[in-house]
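Each structure below appears as structure tokens.
In what comes next, subunit A is part of two complexes: it sits with subunit B in the first one and with subunit C in the second one.
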Partner chain A sequence: MSHILSALVFFPALAGILGFVVDKKSAKAYGIAVAAVEFLLSIWLWISFDGSNAGMQFTEYVPIIAQFGISYNLGVDGISLFIVIMATMITLLGIILLREDTPNMKNMIVSLLFLEMTMVGVFVSLDAIVFYLFWELSLVPMLYIIGAWGGPTRVYAAVKFFLYTFAGSLIMLVGLLAMAYLYNLEAGVWSFNILDWYKLQLTADQQFWLFLAFFAGFAIKVPMFPFHTWLPHAHGQAPTIGSVILAAVLLKMGTYGFVRFSLPILPDASVDFTPFIMVLSLIMVVYTAMVAFAQKDMKQVIAYSSVSHMGIIMIGVFAMNAEGLGGSIFLMLSHGIVSGALFMLVGVIYERRGTKLMSEFGGLAATMPIYATVFGVMLMASVGLPLTIGFVGEFLVLLGFYKVSVIGTIIAGSTIIIGSIYMLALFKKSFFGPVTNEKNFGLKDLDARELTALLPLVAIVVWLGVYPKPVLEPIDNSVKKLLVQMEEHAQFPSTKDAIIISKKEAE
Partner chain B sequence: MESLVYVALFAPFVGSMFAGLFFGNAPRNAITGWVASTLLFVSFLASVALAVHVVHHGSVHVTMMDWISAGDLSIPFGFLVDEVSVTMMVVVTLVSTVVHIYSTGYMDHDKSYNRFFSYLSAFVFSMLILVMSDNFAGLFIGWEGVGVCSWLLVGFWYHKADRPFEENPSISPSWAANEAFIMNRVADLGMLVGIFLIYWNIGSLQYDVVFAAMPNLADGILVAIAIALFIGAMGKSAQFPLHTWLTDAMEGPTPVSALIHAATMVTAGVFLVIRANPLFSLEAVSGVSLFIAALGTFVAFYAASMALIARDIKRIVALSTLSQLGYMFAAAGLGAYWIALFHLAAHAFFKALLFLGAGNVMHAMDDELDIFKMGGLKKAMMGSYIYMGIASVALAGLPIFAGFYSKDAIIETAFNEGTYIIWGILVITAGMTAFYSFRQVFFSFHGEKRYEALGFHPHDMYKYVLVAMAPLAILAISFGWFMDDFKAFITKNLPAYEMSHHTHHWAWLLGLIVVIIAVAGIVIAYKKYAGKGANAWKRDEEFEASFIYKLLENQYYVPKFYDEFLVKPYTIASEKFWAIDKAVVDGSVDLIAKAFYKSGDVSRGMQNGNLSSYLNWMGAGALLLVVAAALATAIG
Partner chain C sequence: MLEPVNISLAELNLVTLMPMLIAIAGGLIVLTIDLIKENLHKSLYVMLTILILLIDLGATVGLQYNERGFFDVMLIDGVAILSQIIILIASMLFIPLALTSKRFHEYSYPEFFALFMFMIAGFQFMVSSDNLILIFVGLETASLSLYTLIALHNRHNSFEAAVKYFTMGALAAGFYSMGAAILYGISGSLELYQIAEAIQGRMDEAGMMILILGGAGFLLASFAFKLSLFPFHTWAPDVYEGASAPLAGYMSVVPKVAAFVVSMRIFEMFIELGIEWVQVAILVLAVVTMTIANIMALVQEDVKRMLAYSSISHAGFVMAAIALATTKANTGIFLYYGLFMFTNLGAFAMLWVSRHKHRIHHARYDHPYEKFSGMIKIMPIGAVVMALFMLSLAGVPPFSVFWGKIYLMSAAVDAGYVWLAIVMGLNSAIAAYYYLKLIVYMFLKEPTGQVNEATVYYNVSTPLMTILGFAVFVTVGSMFYVDPLLEYITEMIKISGIGFN
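Take a look at the complex of A and B:
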């Protein structure tokens, strides 16, 4: 099947439109069925994917506006493949976890399926305009999900989320248009093909401004300090499913953008900006981890911890070596799975008690032992315990970044300390100690629906922690290719020095 | 042989998973305990078989599969069974087997019996990974794995509430568990940095490759690696200033304290230094090694001083563990790696025995820990009394017992190296050790039956449990007799540290000094605490009010210091950052939004539908443009 990527992108949206005519009662079942098919499609993509080929695969190319070089251009490589699979999997599990009595279930399912299209679309687009379309479209269903199913101040949170990220994206759009213009100046034709842009030689000045333009869009999405404040609001108000997808997939668009656009197109600027990115990322890691420790609300702890971990991903992206960059791609996946699972787990207790305040709990380990165990596994993955998925990426990122800055690595490495401080404090406050609140007696442990959504994630956490090779190998291949491309493309010797594809070469 | 390696390694894992099947709300199931214990015994047998193999045919090296490969990094799951690791394996599995069997009795009435065995076997599995791995990353897996199991087991009775520091210095099991985990993570960061340094300078994490490449590295890098790895070791082996977690970890069930916080896990740091002996014995890092020895000596004395007045039976034993770890580091730091390993093994046997004996006492006294409330238990629990007596004699280092050989060798090493200050402190500490261990024995088993007034009815442990403890007692007595054989075996792998001729000449005198001081300690303890009737011990209120007593009782105020200068500032800073995040970082975003909104609101007045006001604005605008154009031309 040569159009598997188109199928992956548009199947959920088409099925979503059909979803309007589905009976209200069977809306959830319909959603699960569609998401399951989509997930199987993405697995099929993996099976047919050639792991030894580092380049783009399953490419599709249809010119849309030929005179401006805009085309429907899709492709997937080792970097995007697993993010796509993670997106479809998290969507499926998220839909499974939806409560039967969710109000307006049909609209929810349609929103989610539409969102799924935009998510897959962003990660497989090779044309900047198509990428931008999916990038912006992803805001709409999420705006709706937060605004319609959220908490008391949902409208404020939703609008903030929308306007903040939209403002950044517009600056990014200017950058994208400028790229096409510069390409036209150099090559004489317009092109929005990202792979074409990889070959473009830009001056240091051009790279500088373009980097900043891209940065505006990506950094707000990540979200990097100090542009992160929309996230706690969004998480605080979003329903469980919204938070799960937001944390697991939508944030990855930002870091993915840096990998797909900033690094290969602007290698010299990327290297020059590394200290700047490093400082922001280190603040992100330490500062937000401390803010996470101060939270009273369980969900806010996870929200801030999410920002903190995104900081580790960011320094990995700018490590400029295969260990760090590959590690950060892997960490995007593991962060998606672990933070997704943690938001699901918070949702579980919120459904039972109608509160997320840690002071309301205590002793849950005794009343809900299976829940506590699953939470414990995810906690350990979150603090990066070896043999869980969380360790592999974090270890590689820190290892890779060590080459860039020793002090930076030690500060970033403090995440293994401060990360365990807030997570263990959360666990102690909520799960340990005597059961003091009467309302916590006789709470129901995880039921079949919740276990169906959570156990696959537990299995993946252990599987990829013990045997990450099937995922890490294709990532590593594509990352090395990207670094080679960067090095060839780079104009300044200092950039070439900073990029390390193989250690042997560095000696 | 390969299959034996896997049997030894994975048998405890299977046991853990089996017990895990009966997790959650499943009722207590005696089978879990016995299956876990049997599998542990299987692992022990496999370890012994491997030891025999290593003696005759040398080491076994297996690679199971790839773990992480990215960039140039390639980490396999590889296991190395050589003289050093097989020694650890036999010690770990032997003590674990005894502790497992012991726990079937000790945890008999606990409703989380199944969960306990699941954790305990998982711990042994992690510990075996730690000692068997053939590379630093594999070691780190085990390193963190034992940390988590320790967290789970210290916090095993998680349902207990927090109490103020004054009432219970360890606050609560869950608090102590978190403290242990976080403090160890501080050290782990050092360890990670060491791993990164090794990788970027050598390109591999495999022991054989790394140690072969070490001599070619620059001195500065070697020192940095040594420091980073030792910081890691300081956490697990609870060396000052990362030591407070160990005494607090006594909140865990006593078999856990015996296995993890005495015999095995806490020796991981010592093991790391022994394992990395090709690094630590390099000339370039001699400064670091001397520091290790000095710190070890300091900790030996420091911990022993606190044990002199401690009242909590488990804390006394924990402090003695800390002190003995100091001895091990002293030996390793001075280059006598095989002596450190020998003391590690001997200590594992007698300390586990001592802890299990203490567990029997607690069991008999309904979990009472205060030795002031005990006394005269000898009659009621003869078996435990004999065991604790043996263990304490071994710990005190009296002739023919295990501790005599191993500890004496360490003290002799200090003399041999000419580090007489270390030697002097270690000798004094040996006397203190003898005193506090027998103080605790006499307090609990001799003297007046103080417990009677408090309404306790002590009874000894199950017979089979006492029988199961016998192997430890036998080894606590006899392990030292095999010192020469052990030396011949282990020095195939570790540097053969030899005493100089001069030291050899004076060895008898050095040994005699240590024994005399130890016996003196025991005699003083006997005089003070074992008397009955008119000679019975009475509380010395005046002494308890003295500064020195308060200092020791409050652990030199180190926990207080941590609380005041680390925990509280961190909490306050976190709160402040959160406030800043809301008010400043988020506030400025809202401010920008509001500015847009406001400017729209203000400029709305322009659109009032009045034609003349529109003309006015147009005029103003045109004027502005003209001025701007004029300015632009003027500037040029």
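Take a look at the complex of A and C:
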């Protein structure tokens, strides 16, 4: 099937449009069915994916605005493949976890399906304008999900989320237009094809400004310190499903953008900016971890810890070597799964008690043993315990970063300790000890619906923690290709030195 | 004793006048029908108008490129044809909006339709000439008809609007004639190409720069009025508010397209002559206009006023392209307005659908934000349609206005004005807030007391739904036709030879 990517992108949107006709009461079942088909499609993509081919596969090309060089251009490689699969999986499990009595269920399902289209679209676009199109469109359903089903100040949070990211991406758009213009000067034709841009030689000055323009768009999305202030609001107000998708998939758009755009197109500027990004990332890692420790609300703890882990991903991306970059791609997946699961778990307890404050809980392990177990597994994965999914990525990132900066690695590594402090503190306060609050007596443990959503995630956490090879290998191939490309493309010897590729391994 | 001039009919090339003559004849036909039989229903006039405009469009499309005619005052170049096509299509979209389910005073007069067609003829003259007098005549014909059309919406704030617009328009006309007189004084001619030659030749003379400055300055002020650029924009929101909603939407497109074409002819001439301060002045006007109007739009409580400020801001956005004066920027102007036209008319038509005879929502405003709150629950399709228009205006891809936006921003980057592109981007981000505000009201708030199906569907009728459906279709499906459209527009601009390459 040569058009599998188009099918993956537009199937949910089409299903979303048809979903308007489906009866309200059957909306959830419809949503699950569609998301399951989409998930199976993405699994099929994985099966038919050639793991040894590091380049773009399943490419599709249709010109949209020929004379302006905009074309519908899709393709997938080892870097984007698993993010796509994760996105479809998280959407499916998120829909399963939706409560039957969610108000306006049909609107929710339709928005989620549109959101799924944009998420898949962003990760498989090879044309900058098509990428931008899905990137911006993803804001609209998310705005609606936060604004319609969120907490008391949901409208403020939703609008802040929208405007913050919208402003950043408009600057990015100017960068994209400038790229196309420079390409036109060089090659004589207009092109927004990212793969064409990989070949473009730019001066240091041009790269500097373009890097800043891209940075505005991507850093807000990640969100890098100090642009992270929209995220706690969004998480604080979003409904469970909103937080799950936001943390698991939408934030990855930012880091993916750095990997797909900034590094290969602007290798010299990326190397020049590395110290700056590293400092921001280290601040982000340590600072948000500390902020997480100070939170009283369980969801905020997880929100800040998720930001903190995004910092580790950023460190890996800018380590510029196969271990760091590959590790950070893997960490994107594990972060998606783990933080997605943690937000689901917080949602579960919130549904039962109507509060997320840690002080309200205590001794939950006694009343809800299965819940406590699942939470415990996810928590261990989050702090990066060996044999869980979190360990693999974090270890690789730190290994890669060690080659760049030893002190930095020590600082970044310290967050594993801070991370385990606040996570274990959360776990201790909520789950252990005697049951102090009498409202917690007789809380129901996880039911079938919640187990269906959560157990696959637990299985993946353990499976990929023990045996990550099937996923790591395609990632590694594509990452090495990306680094080779970067090194060839780089103009200054200092850049080439900075891009450490274990060439022997590659050969 | 003057020598008698012999001009043959063939030399007059009367075919260049065909489109305007059709519109004028149409107006006269409407008046004649009224003379013969009174009290005919408005639907007859609406359909007649559409048919005449269709013939007009046919005549326009059939014109030869780069022809001059009628004592050489008519100039049919690509720009003239393009802008006439936009004007006619916008008019054809506008006129069926008269067929509302409720009876509105103005449409029962056949004079409305006659005036409407005279106005179109005026705009057509304005865009297809490079003679300063004929441009003036066209401008005044169109404006005087437009003032009357506004006043016909029989409420006291429409009178206020009409008088305000008239006074401002008179001032602008004054500025225009002063500017034209100075240019005539420099060159002894009213034809723009001769003026350009004369200025080119005399540019180095002492004191000449002050004259050019004065001439261009007066003209710029005059067109800043017409295009509602800062600081001459203050009339626009009041006038839009006083006019009926579709007419306000119409005013945000057609008069502006005509004025942009004339500005393109006049100011790009100055820029090509290398008179830099004209470029700087236009850039400053454009940037200030888009920013100020955006900030003003943020604080509006009425959707119609918000849309008025938003269209001022869009005009500022497009004005920047005049300063760039490249083929790409000029293409961008037409692409932008060609796409913006459908979206903006659609948005104003949505206001028209819910227009009530009395102000039941707010003592001061017809369309306060509260009117739309919880619209998704009452009128789901209407809410989705309005949201699509808002997202398109905000420049969210892949909706139509986005393509115009990136094309103009790209033109700015190409011309070396990256800062301008960034300013445009940031302004779009500010603008997103007020469009979003309406979406928030429609989707995320509960309906207020007085809002129910009867009030939001108050004015709806099949023709209105048809026009709205068409506008939505064009807004959403833009991705599929932007390519041929762009190609056509670029071709036409290149034929006209306006702007740097």
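Assume the second predicted complex is superposed on the first by the 502 of 507 C-alpha atoms of A that agree within 3 Å, B and C clash if a C-alpha of one lies under 4 Å from a C-alpha of the other, contacts with A are read in each partner's own complex, and residues count from 1 in each chain.
One rule holds in what follows: a residue touches a chain if its C-beta (ideal position, glycine included) is under 8 Å from a C-beta of that chain, and two chains touch if they have at least 3 such contacts.
Being a predicted model, the structure only gives us computed values, none of them experimental.
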Subunit B versus subunit C as contact partner of A:L231, first or second or both or neither:
neither
Touching A:A322 in the superposition: subunit B (first), subunit C (second), both, neither?
first
Which of the two partners, first being subunit B and second being subunit C, lies in contact with A:F395: first, second, both, or neither?
first
Just to be sure I read the superposition right, which of the two partners does A:V110 touch: subunit B = first, subunit C = second, or both, or neither?
neither
When the two structures are overlaid on chain A, which partner does A:G147 contact: first (subunit B), second (subunit C), both, or neither?
second
Partner chain in contact with A:L163 - subunit B first, subunit C second, else both or neither
both
Subunit A residues in contact: does subunit B have more, or subunit C?
B
Looking at the overlay, does A:M380 come into contact with subunit B only (first), subunit C only (second), both, or neither?
first
With both complexes superposed on chain A, which partner does A:L137 reach: first (subunit B), second (subunit C), both or neither?
second
Where subunit A meets both subunit C and subunit B, residue numbers
163
Mind pulling up the subunit B residues that touch subunit A in the complex?
23-25, 65-73, 137, 140-141, 144-145, 148, 155, 158-162, 172, 174-175, 178, 181-182, 185-186, 188-189, 192-193, 195-197, 199-200, 203, 570-571, 573-575, 577-578, 581, 585-586, 589, 593
Within the complex, which stretch of subunit A touches subunit B?
160, 163-164, 225-226, 228-230, 233, 287, 290-291, 293-295, 321-323, 326-327, 330, 363, 365-366, 369-370, 373, 380, 383, 385-387, 391-392, 395-396, 398-400, 402-403, 406, 409-410, 413-414, 416-417, 420-421, 424-425, 428, 431-435, 445, 466-469, 472-473, 475-476, 479-480, 502-504
Subunit A-facing residues of subunit C, complex
376, 391, 396-398, 403, 406-407, 409-410, 413-414, 418, 421-422, 425-426, 428-429, 432-433, 436-437, 439-440, 443-445, 479, 482-483, 486-487, 490
With touch defined as at the start, can you tell me which subunit A residues reach subunit C in the complex?
63-68, 107, 129, 132-133, 136-137, 139-140, 143-144, 147-148, 154-155, 158-159, 162-163, 166-167, 170-171, 173-174, 177-178, 180-181, 209
